[in-house]
Structures are given as C-alpha cells and as structure tokens.
C-alpha cells in the first residue's frame, strides 16, 4: 500500500452523520460565512474500529479517550460541546451500521465545525462524522525527509488541539519533501528538535529502547502512542519520552510513525539514509495489531464492541 | 461605532460571486471533504471601495496590489490561480453593481477556497467574492490589551499569507482580552516584540515620528500601511519601519491600527493605560480619508473607478 | 480566606530580629545608599513554623534546608554569609518567643540585605528576620490567569535565587491579571512553557498523576514541592517533573499552587475555565497538613521543635 | 580616573532631598516592609549639571527629558507620579544650592521608592534626590570583557525602565569580568547580540560611521546617545542604529560607552584585544563636552541654567 | 556553465605560494597534528583578479579590503598575522606571474593554516595562496532550495570569520538540496530568517528595490555586496539592508547570489518556484562586470593593477 | 598533572597508521585541496587502552562502541566507511605493538580525513590512527569558568558528530577562560543551559544523586558517561539525565568532567567558587579505574585484550 494518497481522498461514502442524523455525504457542506471557514475553526478526531480476528465483532478502540480529547480540543478553542459520550458513541454505531462491510475496518473522523458565532461569542458547532473503509493490508515502509518548515509551538497554534489549521503547515511540509519523492515529512519544533510527522507521531528504537518525544515537544498527545507504550512494556521493553534531536533520529536503529490511522508504520529511510530493520518495531506493531483484533488484552486498552453494527454488516 | 462585532457578522447580502457568477449568498457552501475545510486551505483579500466626496463615483483602492497579493498568497500555499487581474476587477464590478448603495462604501472579501486536490496535488480553488456595506462613520478609539498568545513565525504559518488559519490564534487572543472588556488584542511575535493586532497592523507616534514594525516582525505586508507611509511623508513626517517592543508600545505618545477595513483607527488605551491623543495620527487619518474620497491625490496610490457600478447604485 | 492581600501587608508585628538582636519592627530601615536599594541586592527565605495538632509544641519545618538555600542564594549573588545554622535557628526561636501566640502559626521571612560594599567588593549584609502570624484556616481555591509577562531565565535573573528583584516582573504580572479579577498569575518561561505563579510553584493532576515542572523551567527549587513529592509517593501516587505547556495546564484535571506559605492551595479556574476538583490534590493537601501538625511522619521531612518559644507562647 | 569605584560610593554628601524637603543624607532610609525593598520597586534617573566654560553658570542638561523618562518608568511599573516637572526642577535647584561647589559638576540621582501599597494597589512612592560632585577630569579609556550573563528582555524586566532590579544581573556581570581585571562588562541580549554595558550604552566606529544598537536590542533608551547622534550629525558623520553582533564589536575600529555619567568614554580594549584609537570617537566626545560647557549650541539639546544655585555656589 | 562543481575541484595548478615562496601545488600539505586539522583552524579569503576589457592589464579587486578582512578573521580566532599588506599583495602578484593566462581571470584563495601551537598558545600559521583560472562566461541562472540545516549564530561559529568550519554545515545543506536536483541551498539563521547561500550572499529585487540581509543575520560581511550597493546606487536604485524572511524570498520579484566568485549570479528558481526575471538584477550584474573590466569607475571601488603579472601572462 | 597542555601536543610518536599501514608520524600530512582542510571534514574517536592492574594484559575499552560511533559520525557527514570493525580493531593492535610500553596506557585517536570528493560527491576518506602514551597519575582537580561563547545546536553543527569543527568554538571558549587562569571552559547550549566542557561531559553530584545533561542539551553522546552510569548504579547511586542550568551547576555539591581521556576528573572550582568535595564523585572515579584495570567487572562494559601488543610491549 502506497502513501501518496489520503484515505479520505479515495472514497466517497454514501452517508455522513450530522448532529446524529444520517445525511447524504455529498450534501454535507459548510456556509462560507461560518467560522469553520473564515477562521479555520474546526476540531476533529480520528477514531478506528476493528473487526476481531474471527471477523464477527466490530469494536471501537478507546472511544472514551477520543471523546475526551475532542472535548478538550473544543474547550481550548472555546467551542461548546452539546453532545454526551453516549450520544457520540451511538453516532459512531449508527454510521457504522450503514457503512461497515465485512473484511474492512472503518476509520471515523468526527469533526466539530463552528457554524454560528464570532470571536467566541454565541459559538455553535455541528458534529459531523464521516467514515472510510480501511483494508487490513500492511503498509509499505515509508520514506521520509526533514522539512524546513516548522511545527507551531503551544502559544501559537497548540498541537494538543487536533484542528484543521495545523495542516496548513503540514501540507507545505509534505509538498516540500514530496518533490524529493518522499512519502511524508518530519517536522521540527521551534527548538529545532523532532516534533512529529505531518499526521503521525515519531518513535525510534535505539539500543533496545523505544523513545518518543513528550507532548511538550509540539507533538500530538497521542492515544495510539499511549497504547504502544503499554504494548512495549508488556513486551518487556523500555519506553522513554524525551526530546529527540534530528541527528539522533537520523542515527537511530529504527524509526516508526504512530497514529490511529498509521497504527505503527515502519520507516524505511530518512533523508536518503536507510534504516536497518532490527525487527523491534515490527514486533511491537505485530502485538499492537493482535491487541486491536482482540487476540491480546491489556488492562489499559479498551475496545468497545458495536454489536448492532457488526450484525448488520455481516448480514448486509 | 463599537468594535465588538465584525462587519461580516452583521449583514447577510443577497449575492456573492463564485468564479465570476452571481450566486445567492446563502447558497455558497463548501463541501466538508474539501481542503478548504480539512486543511484550512483558503486565502483571501480585504478590498475596499469608496464613494468620492461628491458621492458620484465609486472607486476601488489599489485593486492591482490586492490581486498581486492574493496571487502571492496562493502561490506560497501552492494553489493555482486561474483568473486574470482583469477578471478579478470585473468580478468586483459585477458584484458592486448588485450590492452598492449610495452613502455606503463597500468592503469586498475575495477568497480562494481549495475545493479539489490533496496535499498540493491536483489542487483547484474557487474564487468567491463577498461584499459588505460600510458606513462612513468614524469608529470610536479602541481599547486594546496584550495577549499571552503569540503570532506564528514565518516558518510555521506565514503572516505574509492572508489565510483563515491565522485567525485561530487571533481568535484565542481576542477572546482572552475581551474578558477584560478590551476591543482587540496586540499579538507579540516569537521574539516577544509587537507583531500586530488580530486583524490590523500597529503604528505608533513617538516624538513626532510614526513607527511601524517591518514585515519580518510577523505582521502582514500591509497595503494600507504603505499608503499611510505615503500620506505621512506627504505631510512631512518621518516614517520608520523597525522592531517595536511591548513597553515602547505602552510608552508611546499615540497608537493606531491600520488595515483596509480599519483604515487608521486610533487607540484610546492599552493594558489599562490611556494614550494622550496628540492629534498626529488623527491628522494622518484625516488625510488618508481625503485620499480615499478623491480629495487628495498621491502618485503611488491609485483608485480605480467602477463607473457602471456607480451608475447603477445611484440609479438604484 | 481571600487572596487579594499579602500576609505581610496586613500585620505590623512589634519586633524584628536584626543580626540576632530584637529591634522594634518599625525601626528596621535600610539606607538609600545601600546596594539592597541601589542594586536590589537582597535574598530571603520563607520559613514556616507549625503548632502540632495538640497545640503544645511549635516546630519549624525543615529549617536546615531553608538555611542551606539562603546560603546558596547569597553565594550565587556573591554575598558573604556570616552566621551559622545554629545562629540562624536560634534567631527564629528568639523571635518566636516574642511573637508566637496559641492557635496561630508563624511565617518567618529571614532576609539578607546588602548594606555595605559595591559591585561585589567589600560586600556585607544584615540578616533581618521578620515573622507574621498565620491562621489555620483553609484558603479559598484560587482563580488564575496566564500573564503576558515572562519569568526570567537562569542567565538573566536566576529563579533559583529567592531575591526581591524577581518580584518586579511578578508584580507586573499580577497587576495585569488582577484587572481581570483573578487572584494570581501563571508566568511562562522564555520557552513559553509554564514556569510558576508569582510566588508559588504549579502542580497539576492528570489521569491520576501529579506533574510539576523541573527547576530548569524557571521555577523555584521548592522545598515544599519536594515535601509534597514525598507525601504523594507515600499515598502511592506517581509524581513527575517535566515541562508543562500552557494548554496542558489549561486541560489538566486539577491544578494547585505550592509554596511554604501557600502549602498546597487548590486552583478553581484558569483563564476563565473551571477545573473539576477530582479530590486528588485535596487529598495530598490534607496529608501535607497532617505532616505539618505532627500527625504523620515521613523520613525525609523534619520538623524542629522550638520548645522555649512554645512554652512562652502558651504561658504568654 | 579609574573605573573601579562608583561615584556614589566615594562620597557622603550632607543633604538629600525627600519629597522636596532637605533631609540629612544619612537619615534617608526605607523601611524593610516597603515594596522598594520587598519587591525591588524603585525607578530612577541620572541627571547631570554642568558649569559653563567660564565657570559662571551651572545648568542642567535636558531636565525635561529626564522628567519624562522618569514618569514613563514609573508608569510602566504602575507607580503614580505626584510631582510636576516644575517641582522636579525646583528640587534639583534646591539641592544644588546646598551641594554645588565651583569647579565640580554635579550628578543627580532622583529616585522614586515605593513606600506604601502592595502589588499595584494603593501604591505611593517617595521622590528622593541625591547628588554627587564630579570632577572635570577625563576618564581613562576602559577595558571591557563580554560577560556570560544576559540582559533581560522586554517581557522579563524591561531595560526601558531604569530600575534597581536591572542591576542584579549587571552586578553579576561586572563581578565576573572584574576577576579578569576588566573595568566593566558588555552584556549580550537574549538573541546573543550586544545589548549594553552594565551602566552605559555601546557605540562603535566602523569605517567612518558610528553605530549603536536600537532600544529593541535591550539597551536603555538613552538621552545621551540621542545627544551624541546630534553631535555626530553636526560633525557630518553617519550615525546608524542597528543590531551589533559580538564579533562586530570585537572587530570594530573603535568603541565607546555612553551615558549621562560616562558621557562618551573611550574603550581601550575588549576581551584582551586593543582598539586602535582612530580619533573619531574622541572628536565626538570633545564636541559633546563643548556642548555641555555651552561652547556649542545644537537645536535639539537644551541646558537649563540654575541661576540661584550657581550664585550661591560661587558665593560659597 | 553549470554549478555542480567547485572551481577548485576542476583544476590542479602547477604552483602555490607558501609564506611567499612558490611551491609545487601537489606538495602543499598540512601535518595531521596541526590545529588546522585537529581543530579546523584556518581562515581564508577569496580574491578575484580581472583582465580589463582590452585584455591588457590584470588587476586585483579591492585587495586591501581582503587583506583587512583576513586579518580580522585571524584576530577573531587568535591567530597572529606575520605579513604586511604589501607582502600579501606581492604574493598575489608573484603567483599570478606563474599562473595567469590571457583570456582567463584568476581567483585567489589566500589561506592561513594554523601549523603550530595549541588552544591559542604559541599559535603560528602559514599563509598559503592558491589560484585558479576562471573563464569569462556567464553562469546559468541557479536553482536553489531552502535547507533544513541552519547557519551558525555569532556566538557559536561567527559567519564574520571566513573559516573552513563554516563549510561543514554548508556541505550538509548542499547535499540535502542537491538530492532534489538543486544547485545550491539557502541557509536560514537561528531566528529562521534568510542568512545566505552556502558560499554567497543573497539579494532580492522587490518593487524596484534591492534588499539584502545585514551581517547580523548570520551572513558574511561581503565586500562584493558593498560593491554591488555602490553599483546599484550609481544606477539610482534603492538598496536596503534588513532581515528577509523565507516567504519574502519566495515571493520576491528576483533573487541573486553575490560573492567574489559568484559576482552576481541570477537565481532561476527557489523551492520549485520560478522567478520572473525583470532585468533589474541583470542590469546590476552587467554594471558590476563593467566595473571589474575597468569600463566603469566608482569612487569606493579600487582595482589594483598587477603590471608585471599582466606582462608576463601576455608574453607567456 | 596540570591541564594546560593537550596530551597530543607533548608527544611525537614514531608511527601512525594510515589505512592500516604504519607510516612515520611526521610524514602523515593532508593536501590543502582536500575537504579535510577546505571544509573541515574529519571525524574522529578517542579510544583508550588500559593495562590491567597486574601490568600484564593491555585491553581496549569498548572498541565496538567507538567503531559504531565513528561510523555514525561518518554517516551523518556523508562520508563512506570502507573498513570493518575487525580491521579497525586490528589497526589499533598493530599500532599498539609499536607504541605500547609497560607502565603507560595508550590513548588512540582514529580519524577519518576526507581526501577526495567535493560536497558529498565521490567522497573518500583516509583512516589515520595516532596513539599517545598516558601515565597512570591522578590529574589535579580542575578549575573551570563559564564561557560567553556557545555550543552549536544540532541543526548547526551536531555535537553528536565528533568532528574537528566543533573545536573552533571550544578553542575560543578555552582561550577566553584561560585568561582568567582557569583550566577549561563550561560551554552553554543555545538555550543557555549547561552543554559540556570543551572536550568532556559534565556531571554533578547533588544531594546524593549524580546528574548529567542528556544529549539533546548539545553534549556528546558519551560512552564514558554511559559507563559511569553503570558504575554509579552498581554503587547504588541514582543517576539522572536532565537539563542542568548554570546556577544549578554553580550551586551543586560536586562537579566532574567525563570523557575517554578525562575519565572522571574532579572539578575544584567554577567561576571562582570552590566545590566542597564530598567524596561521592571520587568514589565513582575510583570504581571506574578499577573497572578499567580489570579489578571490577560490569555486564555492560567490555574490555578487549590486545594480547600480541601486550606481549611485545612487555618484551620490548
């Protein structure tokens, strides 16, 4: 599987969910006067649902944490949240009932678009959920380059908030490195250290340890990274969170990208230098997928089955 | 006139212009899958048209420079421009013919929304122009506060590009200072010096000179400031562009905000301290308005009459 | 108990201690030619003494560590120390014998004022100790705002040194946020991350952990925070020292301020957003007070009884 | 004249002026509870009075600008000013009548000490003026070293405000370089460029031009530098204000320190490297002194004669 | 003429000059124990000699300024200079007598290699001069990319000193962008603004003005840029020195690289975006070459004829 | 043993090893056209061999880690490595056979000099190994000063790469502090915190813990520090890696410098302030030497005996 296309640009699903109601996907539009467009005011989550290894039950990974993080993003941007966790989860289930098919997982993008209000006064947002199928194939290892553009710092455009505005810089970065034939860009933070890729966090393996930058290095407060930490520790590995310099990244034994959609994708090369794949990150990745498929259970990681959606999909 | 509302939030004009065609304003929407929403990819201009003092001819201020700047914003964001300057100007005229009324000026917002393509590939953008009436009243002097949020630096989210994403931070800043009862926020740049207000540039008067930060201080490359420089020099005043510290701003004789929509708006107080109005900035403001009304002519500043639109408005 | 007044501004005790001698408080003055005034050369400590829960013995918390820190502050400012730990402790006891009353604790401020010498040559300092009664009431939770002023970095004005000069910026910060009705300000460091409040350290509780910035983030090397770490670990809680970003502070579960005088004061809101009080910090606070009252003993934390002063106070 | 001693540490004048009243110098003290001591809250000016070359009239250099700058310092620190310019000037005159002697100039230090109020509430300050005689001898060229300590930036402790707190770092810097046998230290700002010396501004001569950093480089907004600019331009020299790097300072043709008390003092060496004295700065210095003695008149620079004080001094 | 090769890597001249003596080029080696190798201690100049347009006289451009700058580089690195300007110039002449041929100019590289001493004690350096022929062809416009590596700041490795150590980063930068097919890299400084290319300074033309960063932006104190300033002003153009942001560079009308060897080389594209060549920089370049060929005379720019070397070359 | 001379400046060994062949030391020279000189392109290691305490077997400390680090340095500088670990080790053995004598240890400096190629194209490097005897005496405690020059950050000149270019700044720093009579300089990083000494890492002991900065603070990724961590933990001590501020260094209980050649050298004073030697670092040092002499064995630390070289030396 190549990395040159976003999952969402290849599919046009029939339905989306707007404030809990199914609406034809192509009809979901935002008026140009809304702050979602005039001031780039939208926050979102990427949520992943997995079929278990038997192909019988479809479950959402850690939906509560996604709901909490979406609420936190909204709160930091002064956007009121008008739906409960139960409504959020029911929405995912409702949309999955329409879009889920056997043999493919689903990636959901719940987004809050500010539709009314200005400058924090009388702000209202719609919750729109879209979902896209994802095949269970392994991605090819990625080829990365370090971009000359920078990740915003916390006081400028907080990485802690998953917002569309963060992708303006990410897109410049990716365009820059794609001219080189790379798949994605490593972005440095304002101190010149490793922040993250344009849409995923960075992990390295070095002398048997796994290291990733803490959130104070301008990377997302990643739920997937937290789960990978649990997986790694379950495997008996040391897992550190500390600043990583660019040359440490270049000189690492291995490198991987982590995110809900990337899961743990191996990196084949950076800036033209190939990593020797020691197998450590591949092992963590394998265990992560077992965890997602229900073949491994860890105390901190919950999968919430969507029983009705599973049934309908299998019946479908 | 108070400052607590944006001009665009108070009006719902009947028409907008989409790629040269008139479309009912309320119908102009962007699909949620467009990069304009998923990656905050839109660039815009604020363009102002003025009635002359006789109320007979309506002209656009420096439209060529706005067109050039819009093209530059688009280019820096890798968005192709598919319309010529002549088409751009014709579009303003066409919309003005519908919306212009006697006694009110018009503020146009030409915006390019990325509607197709991803990550710089196959990118296409719609040009949408909206316009809003503006009364000829003098604004009240503004009350400002310094925000603790920061303006993005050039490598993060270039201020040189007028884009919606810059308003995410601007909105956080304005919300912060509005809790104090202030009208707007002064944003500092990543070196801690004065960048700009949330939607306008900053000028100070100090010992008979006018000073404003250069664009390398993370403020917009403002056409209005260039015109004010011409006006000031025509009045025999020294006009400097150099970094301004926060305490220099606090200790200045006078302060003003400059922009297409703000023109030159005086500042009454900053951080609770009132400026004594020496009259220098008021004088510059007065001359600026005379220039806009056609009662003063300066070699560098062109007003392009929209003769048809003027006629139709007066025929109204 | 409100936070709008400093403890020292509400009381005028009868005595202070100058180089070991009791002197009427109102007579203790510094000549304008002394470096304490011309170059802001004074260093101090805040030391707290507590009655045990039976109200019988009055003890000083960790006096040796305060003495050592005062010596370190003096050394970093090239101020010779001419008194031993024993003399320091005897001084606290002597003053307590005069000022201690039943039912009220005492907060001491030992200060070294540079009275002779210039630019590090022939420097001499007086040790003046003042003390103020503190009632045993719980403080109200505080309301905080982030200031736009910044904490000095180590090469500019080291936070490691408790000196009056650090309060110039702290006062600007507090004045700024008090206009908003806040009680105190959060100050960011030169990297834009959380440093401390104007006179206390910051702790957050997040997902069951307690986190506080390390001293390299421009916050005081706080004795109280060290004790709170011991208390937290005694309660089985994880206690981390790592950089905290502003939005992490905003999005935390709970926030508290720690210092000798603040003990552990809960924070009700920051920047207008209320924290939900999960009770974790309240529990730590409770245990801290038990420790101070002698109802809990921890190996690293010593209380030194002032027996004579206790007797005199109870006899008094 | 050597540089190892401050002017104020060598003299004990009989009188000082407190809020307009003469008080014996040794009696002027500040209570330890005042914010002048607890929070280093004092702002001051250095003002110089000169005998004319005939030794008949004693005049104050630019007293209005000193008054304005003192008011600005006080305002930035939220300290109310309760005296007019006329009262300020009368105070200088009154003190000069007591302390002035023939053949020696006078350097005044008007200082506002915060004596009442806390954290900006109910703040009151005393105006204390001291004065010290200064002989008319030429100072020896100075030997400087670059310190590893840094000047505070504007958001931390503004250099624009002349306050005692700025001298904490200055003193650390001077102690550091005096161990080398240097007279004074060059302080760099937070960007690592030249800020100023510990109590004076820096000028260089390079290829026939005079260059000095602008105030945004963390140096004082110096009145003396403004006057030197007038002098230099009167001599037909180019005078630039732009950032100066440390190696540019090291490689300059000449270097000088400027301030009310330093006037324009030549620098003999920096970091062990001697400057060749081309004579350019010496020429500017000479003209500056002629201006101060009334032998040169420039339109922007006013000297205000204290006629009564002159008479009394001469009458002796 | 392409840009993929350095002038010095294509030629092996028969002779070099070592401390004034001719030595076969291939014999000029440095011992591995010398600080020139163990601590990268060498400083150099690039000096250019031109035939006049008649092809009769060969002159060195501004040799005195090169000598002075070499002495300054040496001084900042604590390397004693043991040769006079006259010896320096005589050396160029001696080497030119051997290497000069009609129809080709010569580029000299005088280098001081530290051969004895350690850590600044007993330091001695050899002066080695090499020279390479340069044809009079116009270079192709260059294609540039912005590198993610950074120029050192003044306190780390001063750009003011022309030293081999500056090329470690320059080489990493050039390797990075050459993977893209670019000819050279734009390096940003530690503030993220434009510093210089890997071996030349950057100029832009924007709205009829020529702009280049000042040396405080981490670019070389370029003699060629000073000459280009004289040329530009002679043409009636405005020439500004001020910080340039990366997006200003991208959005400029034109861009050129300036240096002794680059002269003024036009830039065809940056980061994949082509500049429209307005002809302004080409005009300046043309005048610069006329100046070098003796067809234009400017007061500040001197060419020193090497009469003997010219004769021998023509006789050759 | 004093610190004023480098080990390599005092000895002239008879042989060096060039690409595996013995060559007379004085003949090993690099041509001036090589990138090793024109662009400071060389990377090196410092490797130490120790006699065991019986004086019978001579072993190399952790040669594999040195080989790996040398390869990493070369790779980050785009220099191909053409020798295997076995060849590297055999080379050390071959040279030791010539230079080793009883009673003295050997310090090897394997250096890769770029001799061919330009700007990363066709790059070739020679591997030259030199070795110098080192007596087994204890060094005197060192006296250090903080320099005003700065360590390069990772994007400028990576400290992770051991290269000659890093010594340009180190030499300026050491020259600066040696004027004070200090032995060596502490260099701060671009954030103003402790990086390292000019050729060794910094450790402090504070309240029973040993602390050293992580590599992201611009210090070498030191093998010796890793071994000292093992030694410290074997002694039951806490060993932390976290940023250290300058005043924390000044206020520490003890300070030491660590490196292959420094081993663990105690620091007597910093900036004129003496450390009280608590004995903690001396104890670690003692154990480290026991480990090097074979009297202590730790699982992570390997010594590779050079049996032939030992025999020849003893037979010698």
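The chains carry the letters A, B, C, D, E and F, assigned in the order they are written, with residues numbered from 1 in each.
The rule is simple: contacts are C-beta pairs under 8 Å (C-beta built on N, C-alpha and C of every residue); 3 or more make two chains touch, one makes a residue touch a chain.
For reference, the UniProt names are A, B, C, D, E, F = Branched-chain amino acid aminotransferase.
Keep in mind that this is a model prediction, so the values were computed, not measured.
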item	value
Mutual neighbours - chains that touch chain D and chain E alike	B, F
Chain whose Cα centroid lies at the greatest distance from that of chain E	C
Pair sharing more residue contacts (C-beta pairs) when B-C is set against B-E	B-E
Proportion of interface numbers common to chain D and chain F (over half same, under half different)	same
Repeat of the D-E interface, chosen from D-F, B-D or C-D (over half of contact pairs identical by residue number)	B-D
Chain E-chain F separation of Cα centroids, rounded to whole Å	36
Inter-centroid spacing, chain C versus chain A (mean Cα positions, whole Å)	43
Inter-centroid spacing, chain E versus chain A (mean Cα positions, whole Å)	49
Multi-partner residues of chain C (at least 2 other chains)	148, 150, 153, 155, 188, 191-192, 246
All chain pairs that touch each other	A-B, A-C, A-E, A-F, B-C, B-D, B-E, C-D, C-F, D-E, D-F, E-F
Interface residues, chain F side, partner chain E - complex	5-6, 8-9, 12, 16, 25-26, 28-33, 35-42, 77-78, 111, 113, 118-120, 128, 130, 148-153, 155-157, 163-165, 167-172, 174-175, 178, 190
Partner chain A, residues of chain E touching it in the complex	146-148, 150, 176, 179-180, 188, 192, 246, 271-272
For the chain C and chain A complex, residues of the former touching the latter	188, 191-193, 242-248, 250-251, 273
Residues of chain C defined as touching chain F within the complex	72, 75-76, 153-155, 158, 160-161, 191, 214-216, 221
